[in-house]
Every structure is written in structure tokens, then in C-alpha cells.
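By letter and in written order, the chains are A, B, C and D; residue numbering begins at 1 in each of them.
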Amino acid sequence: MRTKELKQRVLDANLQLPKYGLVTFTWGNVSEIDRDQGVIAIKPSGVEYDDMSVDDIVVVDMEGTVVEGTLNPSSDLATHLHLYQCFPEINGVVHTHSKWATSFAQAGQDINPLGTTHADTFYGPVPCTRSMNDAEIIQDYELNTGKVIVETFQSVDYTSIPAVLVRNHGPFVWGKDAFEAVHNAVILETVANMNFVSLSLGHHTLDSIEQTLLDKHYLRKHGKDAYYGQK
Amino acid sequence: MRTKELKQRVLDANLQLPKYGLVTFTWGNVSEIDRDQGVIAIKPSGVEYDDMSVDDIVVVDMEGTVVEGTLNPSSDLATHLHLYQCFPEINGVVHTHSKWATSFAQAGQDINPLGTTHADTFYGPVPCTRSMNDAEIIQDYELNTGKVIVETFQSVDYTSIPAVLVRNHGPFVWGKDAFEAVHNAVILETVANMNFVSLSLGHHTLDSIEQTLLDKHYLRKHGKDAYYGQK
Amino acid sequence: MRTKELKQRVLDANLQLPKYGLVTFTWGNVSEIDRDQGVIAIKPSGVEYDDMSVDDIVVVDMEGTVVEGTLNPSSDLATHLHLYQCFPEINGVVHTHSKWATSFAQAGQDINPLGTTHADTFYGPVPCTRSMNDAEIIQDYELNTGKVIVETFQSVDYTSIPAVLVRNHGPFVWGKDAFEAVHNAVILETVANMNFVSLSLGHHTLDSIEQTLLDKHYLRKHGKDAYYGQK
Amino acid sequence: MRTKELKQRVLDANLQLPKYGLVTFTWGNVSEIDRDQGVIAIKPSGVEYDDMSVDDIVVVDMEGTVVEGTLNPSSDLATHLHLYQCFPEINGVVHTHSKWATSFAQAGQDINPLGTTHADTFYGPVPCTRSMNDAEIIQDYELNTGKVIVETFQSVDYTSIPAVLVRNHGPFVWGKDAFEAVHNAVILETVANMNFVSLSLGHHTLDSIEQTLLDKHYLRKHGKDAYYGQK
């Protein structure tokens, strides 16, 4: 794949983030790797989606050195690089602060499989990382973010659970390419939303309405004595 | 005001319901009274908003007899009529099943004034009616719905609290004309939404993030050592 | 009804799913049966709504054998077929993972009638099925999904409660044709949303604002001393 | 900066409020100060955003006297003025009743930093003011609103925490200009939304689905025996 095509794909995948409601302002970034060429294309740092063109996409080598483009790459580049190095079967990575998944990350809670919507994509709980310690935060923070993700997957299969919640931060999601990564990020957000509702339903009860009111409303719309609507 | 103008106003006010997200399908209806002529214009029963034209609006007299129009009036007409009879200073009435206000009605809970957004429009709690008894439901249900609303306002001023929650049903809202009634219905829905969130916040706590993580993220975007975005 | 018309209706009904916000990506499917011809038209499996044309709709006979179309039918076909066989008065079936109804399914909770919005369409609780056992899941899963639904309706009338929550999965909804099935699915989603809010309101309280603040805000907008807005 | 440019900027910043979903009807107002000229441009009181033109923007001097424009300035002008006087490094102020932040204000709760989305913009908790007393509400209410905000920031740095919740009222947010103030208001709303969800997640649990169901759904979409979708 030529670099130009790679940059176009990464631009298109980044533009799906606002389309699917996963980002506010410039928060969020998508990258894709061309493992044959040893290059990664990634969103530039702090650029508005509305203004972004293919020439703004930054191409770096496996050490993160810019090989094409005049803008700074996403400040999360070091995390993306570490994931590509440690997870050899993935070729696309996305990071967002999408609200439902981020809320689970803020609560430090895994997203457990409560239904088949989850099971269709994630073959088990989407884990939340441990908190990073002070040393990990102060020095090489973005690289250490990648390391704590990889540590979380020591006993979890990254190919069948293609997402993680970085504690107090937000989701990183991956896939076989940039588009599958975004696709999985949309599903993660949907699953997080529904899990929140299911969990919150837990312990509440209310009395149902009286049979007379149920009769009145159902039968004013249905059956031979209905009088709602036009004849 | 001529009938034609009244019908146009009622059509326009009804079309604001889907615009403001207060209705699903055909649920919800707006009426306006011309007290000089002794006529009320109201939405027809069960007609889609997209298909509604000014000729579909039904005009009735103070006994509810149709004086203009070929369609059945809203099945809630008797409730509107009773409100106009008992609340002489109102000229517009709206009924919806808007989701936040209806959820309070389903829980049988008043919407109490928790903030100035409420106080700007509603001069005290928006009350929820008592449950209707079987006799009230079985015979003359829509008229009795009006009666239970009026009963609720025996000790509440309907001019400064222009809305009610009919228990297990939904909101009725009024105003000096049809447009003010819809305006107040939008505010009621907003206030109900925010009250739900405020009430739910009640008793939960989580630890804040560590100072080191706060420093890292704030200072990577602000101050002399920031490295987020473009120079 | 000719097959071409049936396919067009099923296409149109499927396209209502994204319009009403009931689906993400390709999740969800609608079918309709022509009982005279003994054929069912159903959405193809895994095809994007944006790309779907009338020729993509698959027609099968009562055993589920494809009689028209080149694509695979929805993987949930066996569930649809079983419902048509056991519920003779229905002619349309829809399955979605719509978020509110699915959240109740994930919590294993019926949707009880808390208000008249529910009563207008569902003449009692919308039931949640029991969990399926391992044998039912491993072999003939989709057929067994239909069977557990039918089992749930042994003591429930499927004509007046045209929906079910398949536990840990999501809603199946039906009607006299495909459009009524989708219509009922939209109502189910709305009712689930409002039930969640009503149930969550249960036990929370907050003090109302002070009378002085209520006075200040109400009276700066209303009455002779109002000073908000233009004269 | 000439007054005309200032008015245009303030118009544009005000129009961002409906764009970002921060306001209902006319609620909310943005101002910007030109400290060299000693003038402030602010939204007129009670004017619809759809109808607003640059000539409607009101220009006042540092005492709040109108020096340009024919409409009444926002009724919250005195609050804006006091903030500009006491917070010399800010040049833009925005006030809204945006629903998530206002809900925290109604609950009297600070918005604590639970994640890096918060930390990227707010260097610590966004504080909620104390309740105002009767005397403060009855006389010079809007000025006293400004004073209680400034009091809240006696021990908080207004430059690194550019927002406050006025108790039982709503947020005031500021920045180096009107656009940064609106930008910060959007972030405050997003952070409030996510904090609500994180806090509500606190104590709920549900069992995960059985391994057999997880297997069935994951493996019907992934791997060699998958049968979802087209070949």
C-alpha cells in the first residue's frame, strides 16, 4: 500500500469519529500501520476534524520519527506505537474520550458481558487497566500508557477482546485495520451505554398501574369499542 | 380572530411538538380557544404530523360539538374543554407524553423547584394529580381527567404554575395562547430532565484522580511545557 | 400480494429501523409473511442499510429454503419462522438491539405497565424470557430462541402484548404486518426508556430552593416588576 | 479592536451556544470585554438566537451603562461586569443553563476531577458556590451572584479553573476571550455528563452472561464456523 492511500484511509477513519458521535472538539485519534513499509499514519495533534485534509495526516516510522508531514503527530503516538509493537495482529488503533466508555474508565470498572450485543464482538469482559503510578505518569507517560495496556492483556487475548479502558482516562480500541478499530469503538460505546442502564435498573421497583386504567387505555385504541383516531 | 387564523395557529403550534422532540408518532395535541367566538380549535385524533394540513384542524363549540372540519377531534378534547371552562385566564392547552415529564407522572412524583430554571417559569412545585378511581376511569374518563386536574389546583394557582402531571399518564400544560402552552411544555420537559439528574446524583461518591495525573494532563496542554497540539 | 411488492414492503420496513434510531450498523431485521403464498421476505444477513436494495431482500418458504434472492437471509430467520408458525395472527416480525429495551433484557426484567403510554399498546407487562440452557444454545440456537418466546406466551396473549424481551439478548416485536411490527418496536423502546427513568426516580430526594430565590426568579420574569427581556 | 468587530465576535460566540446544544430558547449569554476601550459587548435580554443580528448586541461601559445599541442588555450583565472587574486575566464570560452542569448546581455538588478529560481543562474541582442568603437575593441579585462567585475563588485559581457552578442556578464559565469561554463551557458540560454516569455506576452489579451464550454469539460471527453475514 502506498503512503498516499494509507493517509487517505487514516483521514477517512478519523472523520468517522465525529460522524458516530465519539468525539468532542479534537479529542480522539485514529492510526493505521503498513507493516510492510514499516510506517504508521496518524492524526495530527489538536487539529479540528472540519479542517483536516489528507496532507495533515502525519506519517512516522516504527521509532515514531516523522517521515512525512509538517504537523506534530497526536500526542498519544507513543501509545499507538507500543500497541503495534506488542500486538502483531492489529493494524489499526483508535483512542477516544467517548462518553459512556470513558465513564466506565473513570469509575475504574470493567465492562462485563451482560448480553449478546457484547458477545457478538467482545469475547469476555473489556478490562479496565490498573492505575498508573507517579513514576509512570511523570516520565514517558504515553509510552507507559501503552505498557499498562499490554500488561492488562497478559492474561487476556487481544485478538478476541479488541478494546481496553485506560483507568481514569478512556478507551483504546483496535482492529485488523483503522476502519475495524473505529467499528469496534462504536460497539464498545453502545455496549457501555446499555450496561450502564442494565446495571442501574438493578434494585428499583414501582407498582404497575391499576387494571382499570390499563383496560381504559388499551381498549380505547383496540377492539370493537375503540374510539381513538379516525374511523 | 377569524376561525381560519385560529386553525392556522393551532396547526403551527401542533407542529412545534415534533420540532421540540416532545412527541412520538401522533401522541400529543394542542388546542386554542377563541373566547369571543366561543370556539376551540384542536388537533384531529390519530393523524400524523407530517400529513396534517390546516383543514384537518377541528373546530368545536363550548359543548364539544364539531362546528367545522370532517375529522374526529383529539380523544382528549373533553379534558381541554374542562380546563378552558375552569381556568378562565388560559387560552391554549397542550398534552404530550414527553419522556421526562411522563416519567415523573409514572412515578407519581411532583416536580419540585430545585433551581432557577424551574423558578423562571413555575412558581412552585408542578403537582402530580392523585390516582383516578375506577368509576372516574370507566365513565367519562377524559372529562374526569380534567376534573382531577382542577381538583389538584384547588390550592395551587394555575396562572403561576401552568402545568400538571396526570398520574400514570403525562403532562397537561397551558398558557395565554397555544404557543405559550407549547413553550411551557418545553420548559417542563427540560426541568424534569434536570431534576432527574440532580435527584440521582444524591448519594454517590468516587475518589478524585491523583494529583500527578491531574498535573500531567493539565500541564501537557497548558503553560510553558505544554506539548499538545501544534506550536 | 406479489413477491415484488412483499420485498418492497420489507425493504421499506427495514429502512425504518435506522430512521427511528433502533439500530446500530446492521443489527436488526424485519420480515413479513404472505400466508397465501406461503413465503416470507426478510432482510439479508450483515448488509448495511445504506446499501440495501429491493433485490437484496431474501424470500424463503415456510421451511426457510431460499426461493428468491442470492444473499443469505438474516441469521435470525429460524426465530422469525417459528413465530409465524406458532402465532397465526401475526404477519410481521422485527428484531433489534435497541438500547433501552435491550438493557431491560440484559437485566432480565419485564417491562411493567407504569403508565398509559404503555397501556395504549401493550395490554400488560412485556415479558422477559427465561435464560436458555446450554443445550438450547449449542444446537439450533435461533429455532430455540423462537421456542423460548412461544413458551413465554403460554399464559400471555400474543395479540395484545406484541413484544418480548429475549433474556440477555434483545426485543422481538410483531404485528399484523411489517410496518405495525416496527411501529410497536418504536413504542416498546419509548416505554422502556420512560420506565427506566420512573424506576430510577424511586427513592431520591433533595430540598427545594428557598422561597426567596423562587420569588426572585419568577418575579424578574413575570408581573409588574419584571425586568427580564425587552419592554 | 473596534466596537463593530467586538460585537460581531460576541454575536458569533452567542450563536455557538445553540450549535453546541447548551441552551433552550433564549437562556444563556456570552460577553467579551475590550479592556483597552473599557467596553463590554453582551447579548441582549430575551432575544431569540435565530433572530439575533450584530446590531442587537449591546455595548456597555465598565459601569454597565449602555453606550451602543437600543435593546436591554442581558439581565445577568452585573454578574459579567463583576467577574471582569475581579478576574483581570479573563476577557470572555458565558452563562448557560446547560443541563448536566446545571443538574450538579441544583444538587449543590462540585464537579470533581474523575478523569483526564477533566484534567485537560480544569486543574481541580469545579466548585459550587454556597447558597446566597435572602438579603443577597432580594437586593442587587445579579451583582451578588458575581460576588459569591468571586468569594468561592478566594482559595481557587480562576485562571486554571475557568468555571463555577452557581448553587441552584447554573454554570458561569470564562476564558481569555468569548470563544474560549464557550469552548470551556462545552467541556464543562461533557465532564458533568460523564461524572454523572461514573458516579451512578458506583454500586451496582449484575451477573455476566453464561459462557455458552458468549461462545455462541462470538463464534457465530468470528472464526472458521461463523455463519453471520454473507460469505
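Convention: a residue touches a chain if its C-beta (ideal position, glycine included) is under 8 Å from a C-beta of that chain, and two chains touch if they have at least 3 such contacts.
In this text, all values refer to a predicted model and were calculated from it rather than measured experimentally.
Student: From chain B, count the fewest steps through touching chains until chain D is reached.
Tutor: The fewest steps needed to get from chain B to chain D is 1.
Student: Tally the contacting C-beta pairs at the C-D interface and at the A-C interface, and name the larger one.
Tutor: Looking at C-D and A-C side by side, A-C shows more C-beta contacts.
Student: Match interface B-C to one of C-D, B-D or A-B, accepting only the pair for which over half of the contact pairs are the same residue numbers.
Tutor: Selected pair, repeating B-C: B-D.
Student: Of all chains present, which has the mean Cα position farthest from that of chain C?
Tutor: The chain lying farthest from chain C is D.
Student: Nearest whole angstrom, what separates the Cα centre of chain C from the Cα centre of chain D?
Tutor: 37
Student: Quick one: report the Å distance separating chain A from chain C, using the average Cα coordinate of each chain.
Tutor: 26
Student: Find every residue in chain D that makes contact with two or more other chains and list them.
Tutor: 106-107, 114-116, 168, 198-200, 202, 206, 209, 213, 216
Student: If each chain is a node and each touching pair an edge, is that a line, ring, star, complete or other?
Tutor: The chain contacts form a complete graph, every chain touching every other.
Student: Chain A touches which residues of chain B in the complex?
Tutor: 26, 44-47, 71-72, 75, 106-107, 131-132, 134, 137-138, 141, 168, 206, 209-210, 212-213, 216, 220, 227-231
Student: Quick check on the complex: what are the chain C residues that touch chain B?
Tutor: Per the touch definition, chain C meets chain B at residues 114-117, 183, 186-187, 190, 193-195, 197-202, 204-206, 208-209, 213-214, 216-218, 221-222.
Student: Help me check something: in the complex, which residues belonging to chain C touch chain A?
Tutor: Its residues touching chain A are 24-25, 27, 97, 99-100, 102-107, 109, 112-116, 118-125, 160, 168-170, 196, 198-200, 202-203.
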